[in-house]
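You will see chain A twice below: alongside chain B first, and alongside chain C after that.
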Partner chain A sequence: MKWFAIIAALVGIRFLLFLYCKQLLAVLENNVAISTPLTSYQYLLEGLFYYSRNLEIYNGGIYHQSPILLYVMNLLDATGYIDLLSYMLWITLDVVSALALASMDDFRPLTAVIYLANPFTIASLLARSTLIFTSTAILMSLATAKRRRAVLAMTFLAVATHFSLYPAALLPPVMYMSVGSRLSLYSFAKTFFVFVAATSTCMALSYAIAGSWHFLKFYKVSLLFQELKPNIGIWWYFFVEMFDFFMPFFLSVFNLHVFIYSLPLTIRLRHDPLFAAVTVLGLHAMFKPYPSIGDISLYLSLLPLYSRIYTQLKYAWVALLALAYASILTPTFYHLWIVLGSGNANFFYAITLTYVIAMTTIISDTLWAVLRLQFDDGASSKQVIQT
Partner chain B sequence: MKLPALYALVLALAPGGLANAYDERLDITPLTGEHWLVSFDFNLSSAVSHHHQLFPRVLEGVLASSNASELHLRFGQGYWDADNWGLTPNNGANVAGTGVELWARIAADSYPDAEASWFSLANSLSGMFCASLNFIDSAHTTSPKSVLGAFDTNHSLYLFHGSLPSEPVCTENLTPYLKLLPCKGAAGVSSLLDGHHLFESQWQSMSIDLSVEDGRLHLRQSIYAVLHVDRTLERRINPVPEPEPYEAVKCDSSRDYSNPQNGICYPRIPGIGEINVTLSDLFGSPIKNGACLSKITSKSPQICLHIPSDNWSVTASDELSPAIKSVDQICYVIPPDSDFDLSIHSETRESVLPKTPSPILASRHLVGWGQERGGFHSVYKSTSGDSPVSFVTYEVLPWFMRVYLHSFTYTLFDSAGAEVATGSFSASNVSSDIAQLLYYKPAQPRVSPSHIEMLLTIPAGSKLVTMYQFEKSLLYYNEYPPDANRGFDISPAIVEVLTDSSSPRAVFRTTSSLLSLPTPDFSMPYNVIILTSTVIALAFGTIFNLVTRTFVYAEDLPKQSLAKKLRAKLSKITSMFS
Partner chain C sequence: MAVSGSRVKTALFGFIVKRVSFLAVIALVVGACWLFVLPLPGQFRNTYISENALLPGQAQAYFRSSEWHYLRGYKEEVRRLSDKPASEVVESLSTILSEQGYYTDVYHHEPDKATVYGIFRAPRGDNTEAIVLVCPWTNGNGLFNFNGIAIGLALARYLTKWSVWSKSLIFVFPPDPHKSLREWVAAYHRSLPIQAGSIEGALVLDYPSDLSGFSAIDISYTGLNGQLPNLDLINTVVTIADFNSLPTFIHGGLDKLFNALPSFLNPLKSSAYFQLLSTLLSSVAAQVTSGLNRVAGCESFSGWRIDAITISAIPTSELSHDETVYGRIIEGTLRSINNLLEHFHQSFFFYLLLSPHHFVSIGTYLPAAMSIAGAFTLQGISKWISYIQNGSSRSSILKAFFVEAAILAFTFALLSFSLLFDSQLVAQMLPTFCACIIPTALYASPMSYALLNEIHGVALVLSGMALTALATLNFSLALVVGLISSPLMFLKPGINRMHAGILLLVLNPFFIFYFVGMFTNGYTYIINTFVSSWRDMQVWTWIIVMCLWLPLWEVSAFISMANVREEAKKEVK
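Moving on to the complex of A and B:
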């Protein structure tokens, strides 16, 4: 009952902020750390403007998201209450995500509360970042995979992949999770087929909505990093400053780099493929082309599932403080550069590096802890090293 | 028989009218006491099949190679004060905005063919006029849908438009421009055109309009300039500025405390009172004449002053009498055999002819702060008191301005300044009475600009304010110009006032705008590559180590002292040499 009240309060706070803090919403919507060109609500509204006027949506312009979102938004717009309804849709997805998380942890309400109370989650929600469609699909996929519902898990993963491409890297751990130890060529082929079928359905649906295959260009935007808007990741400044000659090489390397972790991690963590998925999500939160704090909140919300590793962490405080430091200085340095002009782009760049280092510390520390527990279940107090 | 006369006879007998028809004129119109508009007009019409005695061969070559049936080139600089000066000359049909502008109608089988011809056209004109027209690439090109004559389009003709607002216009553009004239600027009214005097003006515009119609080539060249008369005279009389002696200061005697005898003098506001000026004062030389002009045309050049002739007196050199003299103009036919000068005198220079008011006054400016986003705020004021005005606006925005057209809003104010209506192009409201989106093509980064055409209607005497937001894009470091922090010029918007189809549309352009973009640190490429790679290597290395190495208890490892380890290493090295 107590937990229910807390969850209800957290949902209530979201409504109150939406109803009475319109200025805060506008600030968050325009914040580079929260809205990226691929998830911005403003861009979604511009896409809706093209869509409702039958303009070409993907031939130029700033809309780089799925046509399915446009269809949903257009339905909401037809009622005349797009602002309220879209916000309710976002809150619903947030609650669904929280439930999916809790379901992975035997419905422990604390997990859901940690997700809902995370300031990153709230900021991302208030900005109505469309990342929530991806992250809810990912969480649903992980939750269903954990219950060995291979078809559902693959379908949700396909939806997530459709919305933002990079969740495709979760294919090995999620597949392994949903199939479990019964891995055979047949079960592998079957789950993979479900993934392909679900992806094709999403594509067909998008084609039906967009009316042409031009919508596939929105994947090109992230693969070729065509929008140079700053974000908390490491791509933007690297490619702004990159020499033309090396551009194709580094684009391939950076894209490959996002995907290389998932298979080795799944193999190494085959006793716990969920953690492989969590680690991959953490790596995506810093290495994908357009990360935002919504990606961090997704990763951080999955860590409570591993409360048993907390005793093994070596740098928990260092990492959390570095993350807090980066979170405070990100908007500050961006303001110094863009608005005041008293700082330059290097300020913001430096803080994105700090953020990557903080995330690297968290990821490696938790990975160490999980592997350490696997080694001897934490039973021994003897010093453990790697050779 | 003299050769020119024989030639004229042949021309007169040629089928289909004259092979060449050329005329030129100069109009001087005081807009206010101190600002005078001078308009030079040169018209040439030539049969296509004829040898080109007059028609510039280069232009004909350009037309032929690009298959253009129409070509318009504009060079402009300065600010036309529509509030005080009214509508631009000739309803704005030949008037330039800031920078260089080119548009052409090109015949081709397909759009890509037409586009290729367009780029080659821009390239050849670039060399011809010493202008950066070669920078007109696909990111600067649009196809207007409802302005610049696009409404009477023929389907096999493609209309292209490109503009370069940051192009400075100067003598290097004027020289090739004058070379196109039959007398190359050496005789006739064009002999007054001298770079020093022309580019000193408050506002100037040079245009070339070329078209092929009914088997004839028409070339119209117009130069308009608004001279600041006092400044021009001062530059001539007093090239090194120094204070006027007290005796020469003109005092405003209408002030009740004015008492010049006792040294109390309130200087008279410039632009009123007496003026005495000659053409050579204004342009540095009289109109030169020579055999050139009389050889090519039977029509002598004309010079007209548009002044209320009651208050002004004009005398020509050699005491020539005016060809036309009426209440609002005095015209002279320039004699073919001698230099010609005019002296213009008035006691009340501030009495000028009433100006044609611009049907609307338009201005557009950038708003917002910071280098992340901004807005375009436009104000349109109706000057007509009785009927609503409809007009089309044509805006081309570079791709790095990411327009949020869904944020478009308008506000209508009545003549008393009270807010009457607000609205937007909302998704559900496709057209409204006030603002209608005629055409919108979103920009493609590095490929094509945003192209917006709107139909706006304002009730009589009202003011319409429109606003939309955009985001400023970061560019690759090598895409910034050397002076990256100066900003980027945005082309003027073109505004065409709709009229019933019989009368020509009034056209004018807003000022260009200067947009500042976020800039990276240009000295950083190596540092960024090194630092980013280090951070990635750090993450990759840590995870690689964790994943690939095995766990052991530290105490299970064989203990080795440092000395033992060193000895083992040493023996390994020595064994390599033995």
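Moving on to the complex of A and C:
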């Protein structure tokens, strides 16, 4: 009952902020750390404008998201209350994500509360970043995979992949999770077929909605990093001054970097493929072309599933402080650079590097702790602390 | 091997952990002493012109004896207008400007308050860039800007004779350089009927006398909320003044400070270190009080990417430079800004001047504020560590955050209260409200030592973070607020209440304002200045006081006054 009240209060806060802090919403919607060109709600509305007037959506160079979102938004728009209804849809997805997280942790309510109370989650929700469709699908996929529902898990993963492509890297751990130790060529082929079938269905739906294959351009924008706008990732600064003839090489290297860790991590962590998936998500929050704090909140919200490793962490405070400092300095330095004009791009880039340092520390620390527990249950480290 | 390695690491970690509090003290001392090292030789640099296009002083300035009789005529006109009602002044000024060929308009603030402005379209430009010259009717000290207006009018006539301008010239005659000018600048970017594109530079003319002679010029440059104009603009004016063999001062010169010093310190006055230090400190003080105290005029342009400075003449009745030299300095500066192909960007935006020719850049001075902010974080961490080492099983960090959030909500409510009901009564009620925390702490049920310690730790870490962010925006404010509130970090739960009470009284923001008010215009005046500066000029200082300094004070008061649960206290020993 107590937990129910806390969750209800957290949802209530979301409604109150939406109803009474419109200025805050506008600020967050325009914040580069929260909305990227691929997840911005304003761009979604722009796309909706094109869609509802039967214009070619993907020629404007503004809309880089899935046509399915447009269809949903159009339905909401038809009622005349698009603002309120879309916000309720976002909150519902947030609650579904929280439940999916809790279900992975024997329905421990604290896990859901930690997700819902995370300021990054709230900021991302208030900005109505469309990343939430991806992250909810990912969490549902992980939750169902943990219960060995291979078909559902693969379907959700296909949906997530459809929305933002990079969740495809979760294929090895999720597949391994959902089939478990009975991994055979047959089960592999079966689950993979489900994934392909679900992806094809999403594609077919998108084709039906968009009326042409032009919508595939939005994957191109992501893969070729065609929207050169600052975000908290490490791509934009690198590609700002890249010579054209180096572009193909570095684009392949950077893209490879996003996908390359997935399989080895799954093999090494085969006793706990969920943790491999969590770590891959953490790496995505750093290395994907358009990361936002929504990605970081997704990764951080999965860590409470591993509360047993907390005693083994060595740099938890350092990493959390670095993350906190980075999140307070990001808007400050962006303001110095873009609004006041007294700072420059290097200021903001330095802060994105701080994000990466914090995330790297958390990822390597948790990975070390999990492997440590697997090795000797943390026996020798306990001994050291006692002496 | 691995285990023994980690044992060494653990031992080292333990050694450092026990001394984090000591490290915080070191950081604090370093931060406090840092500024006093900067005036030593080798720490600062000579200024230089970074943007080649500026070419300061290279163009011959012709605002000379041939303009004398025009200037005398305008002086007579200004003398005639000096005791006339505002409406007649506005009408005369706009008639003069439009007769000179300016597109003239009047911006009305209130029924009896208006700003005249006129635009001279650039003969060699496309009307997308402009330079602003401001001649306020009264200057920042409330003195009648006699020669400032007369020279402004004479320049307005003279400058149209040239065909070199690639940027439009805007002459502005506001009633005061404070709220009125700010409103005009805001209106220029929103609603004014005649426009001349983006403002590339702004000069405020300040010559509050009818004496023909002046001995030196004084440059005020701080903007609001820690913003500064590009250093190239100041360097340009200083270089042109040098070519005219005119001495320059920064922020009111040193006379005021020198007169305040006891006479046995006289030998110090001539030492280079002392002169550089006092200019540096006056730069810091100007940045802290910018928009609050004396508003020179250039502050009003902050927030629109406009580089603005105020050039004040120091009048003298002795035989010295005449008014046209002042006009030539303005003319030369305009020619330099006119040369720019892109917006000021080459030189420094973060600097402190030690003299007109010497400066320190951000990398050299920022460590002062950063190490003070770091001291807060370190002390906060040390409170957490001592708590973790005491071996309490469950973290009460959520409770600590809850207390911090409640106190922040309280101070935010006080802030909104003071902004909504801006009056003397509210200003006098604020200290009482803020002291409410002490009876709350005294009568609250006893809390464990660890929890109180952790509440303090959370507050210190958050303050450290806020100070770091503030230091990048407004270095001086972060330094001063950090230094003044730093003793609060040494309070502990269960400390002698008498000692804690005295320390808390002395460090209370309102007590400090009251104390400062005793020597200046009084406590309520200070509070009302803070509030009106936020309302009229968007100066953050009051927000910082109420959302950074006061919450830290409230938390420190709470934890040092609260009753400590006995058994928890023993556990620590």
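Just so we're on the same page, the second predicted complex is superposed on the first by the 378 of 387 C-alpha atoms of A that agree within 3 Å, B and C clash if a C-alpha of one lies under 4 Å from a C-alpha of the other, contacts with A are read in each partner's own complex, and residues count from 1 in each chain.
Convention: a contact is a pair of C-beta atoms (placed from the backbone, for glycine too) under 8 Å apart; a residue touches a chain by one contact, two chains touch by 3 or more.
Worth saying up front: this structure is predicted, and the values here are computed from it rather than measured.
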Partner chain in contact with A:264 - chain B first, chain C second, else both or neither: first
Partner chain in contact with A:346 - chain B first, chain C second, else both or neither: first
More chain A residues in contact - chain B or chain C: B
First (chain B), second (chain C), both or neither touched by A:367: first
Chain B and chain C contact sites that coincide on chain A, given as residue numbers: 341, 380, 383-385, 387
Residues of chain B defined as touching chain A within the complex: 369-373, 402-406, 425, 427-428, 430, 437, 440-445, 447-448, 471, 473-478, 518-521, 524-525, 528-529, 531-532, 535-536, 538-540, 542-543, 545-547, 549-555, 557
In the complex with chain A, residue positions of chain C that touch it: 3, 6-7, 10, 227-228, 303, 305, 343, 345, 349-350, 377, 381, 384, 461, 465-466, 468-469, 472-473
Complex contact set, residues of chain A against chain C: 317, 321, 324-325, 328-329, 332-333, 335-336, 340-343, 347, 380-381, 383-385, 387
Touch list for chain A against partner chain B, complex: 30, 32, 42, 45-46, 48-50, 52-53, 55-56, 59-62, 74, 77-78, 80, 226-230, 234, 236-244, 257, 261, 264-265, 268, 279, 283, 286-287, 337-339, 341, 344-346, 349, 353, 356-357, 360, 363-364, 367-368, 371-372, 375-376, 380, 382-387
